[in-house]
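Listed next: structures, encoded as structure tokens.
First chain A sits with chain B, and in the next complex the same chain sits with chain C.
So, the complex of A and B:
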């Protein structure tokens, strides 16, 4: 494609009052802008028409808009051209630096030139479009899976629902009562799963396979080949996206001897009690006598580093539920609940209030210190109660409220034929979750969405919502994949990494580091791309020591060229710094700093990256040899509560940097010239401090010796 | 470490407290806002939070022998601040009701006052006894419509209204009321002796005691000024009402006792005989003064109490017995004043029956004092004196003045 570059410099929103726009236009012309125009409002009708006219009649096919943030006015600047670039003169320049200052003007010129270089180094992406399956595979036939299947079918998708046991329904099929799911959230409900299972069986769009297990899933979104094994034999089915809804199991109570499990048949689990309620009377298993007094021990093995470190969110409400039906069946019964904290999230508070109203339900905070069988009763000793320093209770029956363990802890279930392993990567405590706030339902495998208690502990009302969310995510994935586009967070991106395999040394860094397991390997270790698994983060690009991985619109050469384009002043007192920032969190944080008119040094040039995980060390070398004083990298928080949009990009970047700093030391360049910081999107107010501190610290080293060479 | 105490929840007692006006007690989720806002609780083992938990568990023996529930004057600060609408102030009131019923000697009197359904029995007792006393002291007369049970013959005296003609001082009033007062004192003594013993037993002997008499003197000082009562911010109006009723009864008590002293003094020749009805002069001046001022104070105090209660009937549902009690307090004053007015109007047909009704309520107040809400007159001082004795009463005005 022969490019015709149009550069459009807006002087609105205070840009014109702060910068010499005419001078900028001259720079743009000099640096390759074939059509250069200025206007006080390009997002307005007149300005927009100007743009549209140039595209339609002047043959402009590559557009650089130097105006506001790339995150602002996206609708106004949705122009149908193969290449479009936004240069942020508003938030990152005019709003955050001294107006009509030479350094501010220089900053704007550099950004403008970098933008032009960027489009010069860009060619239009060619989307990878394949003939894909749009079938949604739902794994797990409990309430979550049933709901997901129904939701996906209702949205028009073909669904295959696989269940391990001979019948649908999961745990709730064996429950006597369920927690309230509708206002006023006070009354026990009959589990709705049986009715929903009937709807699934009757739905022509849903194929149910029971008594089945998954031998293997190979392929990629749109192209998954699931090998399903049943008594009848093996069958390989082509599916597009997968909803994992295999739920959880109760924590193994045999590990809870300290709470009396195993010491008497009258110490049972919440699941045992539920089964007992379905079968008939609530009784003591030891002598089958009606249980007159029942004591619940909450957090049985939960919130305990030796067992399950987390809270399962539903055990408190479940015990309240069971207490209520015990009392309903036998008004003489006395039910005691010893809890660590009564946790009834969401609407559960109303249910808690309802249970409290019952005079026969006795509640106390407390830590259970011992459970012993004595004289036909179970004695439960507790400390830190509200009833006295050390107390004990007596009950006919003791119920341990055990927490939830995701089924993925026991086996990989999906048995993925991926280079990075058959299981879904886990975030915490064995849940195959991704960062829920930013990426609901996503796992770290594209096209596979976890829902229900396999993802996080939750109650039945929540799993129904979860199922709908995951089903919609799966459908969204299929529709984007069919167009060769990326899913969240780069939704709609139709670029794809190209591998110049002739120069591949089979080092396997890319196949190991891809956060989404996109790349498989052949026998020799050469990467085998699976385009539909890719999220376009560029982590592989940053990982490759041979620099053979690049996108049409995002490459090592492109960023290096942008760095080269930065003007380094001859004046020794005017230092220049490079900032490489994550476009997801740090870039908007800079925008917010601009919105808040927070000022920081004009001597740093920020280049947004798709993910800091795409940082290639060659850029550091480029910046240093160019004579830039230092490089500041601003990425997302990593670690346990990571905020990286690509799971581990910022973490990978920091690992790589630890190596480059060794190299710098060898070159007699201070390693402190490169610094990486983690910044959450809401910490924008800290940005000026971070930038100014870095500049201050690097000044200590004196000027970069490579400057002016 | 001390031996763990076995906790046995008592559903029956939970229901009893609920029935006694503590229906909100189960709403408590132990946040302790109540104990934080309470102006009269001590800092160690503060109330009312612990009482709320005990009540939810039905720990009866702890609650009926708990001094702290008596330190509460039900100012309702806690009820106003409770985030769960558990009304700790009301619950403590209900606990107090169950406490004096539980301590009642003889026990059946506690039962009689535990349920509003026994109310007819409660009032039948004074009616029958007083009617019997009147009948035994008089000959039935034709045309009289007081107790016209003997073939139309009744017990209304003729001539100018002189109540002692119907109810002679010595063989009527004294015989009846000194007897029931004595019984009430005996009953109260029996109850309080046990109560005091159990209170003191809860505090280890190692805790220094201030002594009964100094503690009592301190209490009396506070009683006269109603110092603790004034700490109520939510129910500021209650102090005046309680002061009026309290001093009203003190006035009535003084008037009665002056007359009693005179009456028995004359029998021993110390005083000149008093002529009834008493004149508003001479020897009658003092009893008349105290009696009338006291009566008015009771009437207005009780009206104020009733008005207070009605104005917040929504968040303060008094149990049936509380209303009966408030009614009785009002009526004992009102019937007394009406009796006097009717006498001065010379309306014998109404004055004698009114006097009878007045006597019924006086009987109710004196004889049932250890079992009705007036029992707080007994238990509260004992509990406060105990608290002062063991140094629990850090709520003395000076301690919390800041």
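So, the complex of A and C:
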């Protein structure tokens, strides 16, 4: 595409009162703007028409709008051109720096030139469109999998449902009662899984394969090849997206000897009790006599560092449920529940109230200190109860409310043929859940979504809803992938990194560092791109020491050229700094600082990156040899509570920087000239301090010796 | 094309409420290829989460996820947002449903650049609802720095109108339109998602807990705004009576929740929210003594980790017991909390500089046309033929992750209904 660059410099919103806009226009003309215009309000009707006319009649196809933040006025500047760039003269210049000051003017000029360089180095991306499968593969035929399969089918998708056991239904198929899911939230419900399993079998869009396991899944979203093994043999099926719905298993009670398990057959688990209820009478396994007194021990192995440190969320309500049906069947029976905190959130409180209304159910807070079997009874000792500090209970039957362990703890299940490993990556305790509060379905493998109790402990009502959510994400992924577009968080981005493999040294950094396991390797270690797995963060680009990875609209050369374009003053008292910032957090934080009219040094030029993980060390070298005094990188918080939307981008950046700082030391350049800080989006008030402190600290080193060379 | 014509072009998923639940339904539905209209009662989307300082358990700012969601909104022409709008009528059946939406005048048109010149000259102040009433804004205002759409609004109930007109005179862009009128739109709808969210329970109704009479008794919603850098104190947690740094802080759990006289249900998030807010206090005042009076600490799933960590901090005392009474010594500003110590026995009297009531989250709206509600005001589904799905806190008390999870599932249900309609 032959570019015709139009540069449009707005003087509205205080820009014209702060900057010499005519001088800026002259700079734009000198630096490559073929059409350069100024106007007091480009977002208004007249200004907008001016722009539209240049595109329609003057052949302008590459537009630089130097006005407000790229986050503002997006509707007004939705112009149909292949290349559009916004230069932020409002929030980042006029609103945050001294008006009519030579340094402010220089800042604006640099930003304008950097914007022009950016479009000069950009080509329109060509979407990677392939003929994809839109089949949704659901792994696991319990309530979650059955619900997800039905939901996806009812939204129009073809579905393949794989179940390990010979029949659908999961553990709920063997449950007597389920928790209430609707108002008044007091009544036990019959598990709905059997009815749903019938609907699945009757649905022409769903193919059910039972007695099956996944041998291998190769490929990428839209192009997965799942090898399914059954007694009949192996079959490879092309599918588009995957819902992992293999659920959880009860915690192994044989590890709970301290709660009496194994000491008597009359100490059973909640699952044992449920099975007993389906079969008939609630009795003591030791002598098959009707259980007249039943005691539940909550958090059996849960909320316990030695076993499961987390809470399994449903055991309190499950024990209440079981107490209720024991009492329904045998009104003479007495039930005691010893809990640590009664966790029945929301409308679960109504269910708890119903149990409290029953005089045959005694509920007490307490910590169980010992369980012993003697004289045909079970003795349970507890401390810190509502009855007193040390209490002994006696019961015919003791039920341990054991927690949930995700099935992903036991095996990788999906057996992904991915360079980074066969499993869907899990976080703490083996749950393949999302780390993001705002985006609970985000996994580190594009097109694969976990749902139900494999993802987090939850009750049936939540499972059904969760299955619907995961089905939606699977369908949405295929809708976007079919158009060559990225999924969250860069939804709709149709760029894709090109690899100039002739120069690849097989160092494997890109294949190791991709947060989403996008790249596989051939035998030699050369990366094999899987475009539909890619999330377009650019971490591979930052990782590559040979600089052979680039996007059409985002590249090492582009950022390096922008750095080169920065003006370094001959005046030694006028330092210039580079700032590389995360476009999702630090950039908006700078906007908010502008909106609050907070002032900071005009000597730093910020370049927004898709993710700080895209930072290539060559940019540091570029900045230093250019004579810039220092580089400040502002990224998202990393560590346990990471906020990086690309999982580990900012962390990878900090690791890379620790290495470059060694190099700087060897060059006898102070490593303190490069600093990375973590900043959350709401901490805009700290920005001036961060910038000014850095500049102050680097001043100590004296001018960069490369300056003027 | 008029706004009405644009609205009628295609049948849409109508999302009522533009908080985190509604926005999630909107972006998830639209990114799967279906058109959406969001009807938001306030002048800005973002809802209650925008006013929170940090989320538990990560202690990360809500604006981080909102920013991503706003980017998704801005990019997606399939999503139309109507602010200052309410659904007044739903008619037709499953295949030909039409929602009538009334849009109140904003008095500021789309030419507004949020430059703020009008705010400087506006002579009228109003209580700042976004800051939980802790400060004021002018009659023309932007709710907060991340407000979306980034366009000012004039509060017509306090604006002096054309007799003043200073804002219109000073605006360089012709963005002020004091003649703007209410308008009505008819929108063809394939499914309706009710994401009307929650309203903090009015703490004044719990007359034993001293809110409204004792200055140093605040609600958890107010604590969020005290701790936020964008709040009225610039993020400083201080006693409202004299601005002093609090040395003793008491959190009163279940303030109105799990209480048959007020909210008979549990609000599900308050335990964790208070443990989080204890963290706010500790970050600024490391030596402050914090006490949390609770009935049960409800921290399901992995949130247990957060709860354990927060309770293990050196300066927090967990006291199992329901608070009976809160009184303030008007002269010193000191607050006395009477609480039944369930494990230790007896009534204890504790004093504090600042008391935070963990008020619950009842549903904000009942009585929307086409929607069925239970006796507690939670939306349950359709009341007629038009497919209706309740989302998030309109359905049950939920935290943010739970709301977003729920909303994503609703997006699928809405798509199914669209495919059928």
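Keep this in mind: the second predicted complex is superposed on the first by the 703 of 709 C-alpha atoms of A that agree within 3 Å, B and C clash if a C-alpha of one lies under 4 Å from a C-alpha of the other, contacts with A are read in each partner's own complex, and residues count from 1 in each chain.
Keep this in mind: a contact is a pair of C-beta atoms (placed from the backbone, for glycine too) under 8 Å apart; a residue touches a chain by one contact, two chains touch by 3 or more.
Owing to the predicted nature of the structure, the values given are computational and were not obtained by experimental measurement.
Overlaying the two complexes via chain A brings chain B and chain C into a clash. Of the two partner chains placed by superposition, only chain B is touched by A:387; chain C is not.
In the superposition on chain A, A:165 contacts neither chain B nor chain C. Shared-chain residue A:350: touches chain C; no touch with chain B. Residue contacts after overlaying the shared chain place A:342 against chain B and chain C alike. Once chain A of one complex is fitted onto chain A of the other, the partner contacts of A:362 are limited to chain B, with no touch recorded for chain C.
Contact with chain C, but none with chain B, is seen for A:595 once the two complexes are overlaid on the shared chain. By the touch criterion defined above, A:681 lies against chain C but remains apart from chain B after alignment on the C-alpha atoms of chain A.
After superposition on the shared chain, chain A has more residues touched by C, the comparison being chain B against chain C. Applying the stated contact rule after C-alpha superposition, one finds that A:190 touches neither chain B nor chain C.
Overlay on chain A, chain B versus chain C, candidates 40-48, 130-138, 220-228 or 256-264: the clashing stretch is 40-48.
Shared interface residues of chain A, touching chain B in one complex and chain C in the other, are 342, 353, 365, 386. Per the touch definition, chain C reaches chain A in the complex via residues 20, 27-28, 31-33, 53, 55, 57-72, 74-77, 110-111, 113-115, 145-146, 150, 172-174, 228-230, 234-235, 258, 264-268, 296-305, 308, 320, 342-343, 374-376, 378, 380, 396-398, 400-402, 404-406, 408-413, 415-416, 419.
Residue ranges on chain A touching chain B, taken from their complex, read 332, 334, 336, 342, 352-353, 356-360, 362-365, 381, 386-394.
Contact residues of chain A toward chain C in the complex are 12-14, 40-41, 43-44, 68, 71-76, 78, 151, 154-156, 182-184, 303, 309-313, 341-350, 353, 365, 384, 386, 428-429, 431, 433, 435-441, 456-458, 462, 464-469, 471-473, 475-476, 479-480, 488-489, 491-492, 584-585, 588, 591-592, 595-596, 636-637, 641, 643, 645, 680-685.
The touching residues of chain B, when paired with chain A in their complex, are 1-9, 11, 14-15, 18, 26-30, 50, 53-54, 56-57, 59, 84.
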